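What follows is a pair of complexes built around chain A, which joins chain B in one and chain C in the other.
Then we have the complex of A and B:
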């Protein structure tokens, strides 16, 4: 089932949760809605399900306008972060709920049981149909919740931070497993996450949201390698930035010009975004900028160097192979293999993940 | 076997356990034990004779029957009241919320007199059903005060806060996602109500029911004013006990009291078992 979202708007009081979102979701794809909290990603997901009534805009399920349809009529599978299993029902009755009381064609109890057992097999919980949810672990509960959502043979599968309440180890396992289930069943799947790693690893495409608006939609590669906005650059992966002047397709940092590919930015103050792994160290006389190493930290298979550059002591982070001989206090030159420049954002994104120049 | 002297992260079991026994003994077990002992001293034959007297029997039936009925009605309508007070916000919500507690706070005699004044045939509500009213011309006149119906009204009045107050915290904590999950699975609202919400509320509803019932069985003050106290018709068991006492028939009084005690205990025990069972199903194992 193909989903088309047209100019969707939703406000809570004066706070715009969604301001005119347009998004096409392809049939059979697994798409992640990624953004920090308050970005509107969950509101968008709930609006697709019909759990939230938008103030304006339309949602198409294929050719059908679902905007004014009730939750029940939309026939979507929804998985909640905290499972929302019916505690007074056994696993079997939880999964059978939609088939027994839903809007679809009535099935016989034997057919329902058959289907439940098939789904339990799919989610690898064979033999647990007689348990109550309280007797299951968090990961098992979420798999029951998924089986319950799949039982109604939904047109779309929507997951709201499905692994958010689980610990890291279980989360990684379930992530891989969800991808597998998606490939087996072929449902159009939309899931919400604030975990970029999860979004990048799991999905065919990622839609990045910020302040109720779509920032960029693309494959994980596109999002990572060609961020469309400074927000995406800062939100996805590590990056540092330098203040530059944008002039005729060049970014000028303290008199030195860097050619930039993105020249649609207007001339004026801007910021140059660089990922730590795209910084190479050269002799102090070479390189586009010069600086001094003020800190070295070990980070996995690499070393991270904090480098103070320019007269204002802006900070740039570099990811170095451990065999490179450097020490704190060294004067170095810096080359940037890749970078992007954007006009100065009057409100720079405030994110824990983005390391802004000090 | 419980270990009394093991080092524990939550010490004080021995002391508090002893206190519980002492306290329960002084407050509940010894006084009630005395009642039972006194009644037992009458001997089985006399006991049976007292309890099978028509006035005793009908008073007990009236008390327990009406109390169960009133608790049942309160369970239904108290649920609706609690639902509205927790789920919706509307002008005057705090006022209604506070008003629910009034039956707790009011001296029961005041409640009884007020109810009698209103439900008597010349009272505000009573006159709506009195001979000559619209109701009477369609269904025949209905007398509320001075009949078992009046007792029922008083028992509903005093039992309501128990149901509302036990349900409110549970309703506040009721996970909205459960209802949303039910809706996404295609269930219509009534199905969600009966298959998802009510089973989740069942333990609290049973507790509220038990409390309302227990209060109604023991209620005296508000009932005697509205009941009319016609022996065999609208005479409740607690009143019969008082009557026996006034006649210096202590044996008779304790016999009826023991019967009430036993019946209440059995009913509350049953409710508690049902509640424990439904709680366990919900995964709150204690």
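Then we have the complex of A and C:
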């Protein structure tokens, strides 16, 4: 089932949760809605499900305009962040709920039981049909919630922060497992997350949302390697930025010009965004930009260097191999392997590395 | 950590631990005094009067006690009380469920106003609420002439008793359910809807089972109050013997007639109802504390 979202708008009071979102979701793909809290990602997911009625815009399920359909009619599988299992029902009754009371054709109890056991097998919870949700671990509850959503044979599977409430170990296992289930069942799957690692690892495509608007949609590689907006640059992965003047396809930082491939017209003040791993340190006389190391930190297999650059002491972060011999106070030159500049981008992003500096 | 500390550490375990009192605990003497004060207070103000009710009721033996219930006026009072409770309690269940459902699961204007309105019967004297009904429905009341024309009797009759009882027991069910429903949120209902269930099915299979013990708890308190209410009922009843007297009013009448054994015998029924209510309530709190409401958790 292919989903088309057209100019979707939703406001809570005066706060725009969705600001005219357009998004095409391909049949059978696993797509992540990624954004910080308040970006509108959950509102978008709930609007697709019909749990939230948008103020404007349309949602198409294939050719069918679902915008005015009720949540029951849309026939979507929805997995809630905190599972929302029916506490007073056993696992079997939880999974059977949609088959018993839903919109589909009535099944006999024997058929229902059969289907429940199949689903429990799919989610690897064989033998737990007689338990109550309170007797299950968080990961098990999440699997029951998924089995319950799959039981109504939905056209679309929607998951709201599916792993948000689980600890890191369980989360990684379930992530791989969800991908497996997706590949086996072939549902069009949309999931919401604020965890970029989860989004990048799990999904075919990622839709990045910010302040109710779509910033970029693309494969994890596209999103990471070619961020379309300053926000995506800052939100996905690490980056620091420098104030520059954009002139004729060049970004000028304190009199030194850097050639830029992607010019985001018009000319004028903007910012240059660089990822720490794209910064190389050279002799002070060589680099395009000069600076002084003001801090060194160990970070996994690398070292991170804070470098103060230019007369205004802008901060650039570099990821260095641990064997590179540098120390705090060294004067260094900087070369940038990859970077992007955006016009009309004055303030450093209030996210990630840039925020830590403030 | 240095090698020295490692070597010393095991020997530390062999020294008998000195048990220091917890800094937030009182001395044993203070504890005993506080407990004695509380128990003494309860015994004097609660247990003693309660015991007195039963002692007085059985003062002339079991025979006299049972005879008290052969009085037709008393019997009709018991019957009337049951009828009033049977009407008022179910109506309050319906109202309580509706109000708490609306308040806990939806956002609307005037929500906090509705919440304080539900609490009104707690803050208004029952006598005043009884008076309101008299002013509204009584012979000289606002609706009095119209009611008289249509031959409808509300005050000094069963409808008045029911109305007054509903008013004073208004908050009991709703107050139990609102905090619980608010805490539970709407995600289970949303899950049921997304699975295709209709509104009524969702309420019946998901919402109601989630609040059943809290509902029972509220109903219990509501019933105890409905049967025991004196003030409001007293104003609208008119004290017609054998017709509009509920148990509490009958107790007063018997007492004023110097019929002490009968008065205390009837009172012992109410006291017994209170004790049973208390026992079931405690049982519910103990067994289903986590499903009642945050306020009653231990």
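Assume the second predicted complex is superposed on the first by the 346 of 358 C-alpha atoms of A that agree within 3 Å, B and C clash if a C-alpha of one lies under 4 Å from a C-alpha of the other, contacts with A are read in each partner's own complex, and residues count from 1 in each chain.
Here is the rule we go by: a residue touches a chain if its C-beta (ideal position, glycine included) is under 8 Å from a C-beta of that chain, and two chains touch if they have at least 3 such contacts.
These numbers were taken from a predicted model, which means no experiment stands behind them.
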Could you classify chain B and chain C on chain A, in the superposed arrangement, as clash or fit? clash
A:76 contacts which: chain B (first), chain C (second), both, neither? both
Now for A:101: first (chain B), second (chain C), both, or neither, which partner does it touch? both
Kindly classify A:88 by the partners it touches after superposition: chain B alone (first), chain C alone (second), both, or neither? both
Determine, under the contact definition given at the top, whether A:132 touches first (chain B), second (chain C), both, or neither. first
Touch check for A:26: first (chain B), second (chain C), both, or neither? neither
Please indicate which partner A:337 is in contact with in the superposed arrangement: first for chain B, second for chain C, both, or neither. neither
Go through chain A and flag every residue that touches chain B in one model and chain C in the other. 49-51, 71-72, 75-78, 80, 82, 84-88, 97-98, 101-104, 148-149, 151-152
Chain B contacts chain A in the complex at 175, 177-178, 180-188, 191, 195-196, 199-200, 202, 278, 281-283, 285
Please give the residue numbers of chain A that touch chain C in the complex, ascending. 49-51, 71-72, 75-78, 80-82, 84-88, 97-98, 101-104, 148-149, 151-152
Contacting residues of chain A [partner chain B, same complex]: 49-51, 70-72, 74-78, 80, 82, 84-88, 97-98, 101-104, 132-135, 145, 148-149, 151-152
Chain C contacts chain A in the complex at 187-188, 190-198, 201, 205-206, 209-210
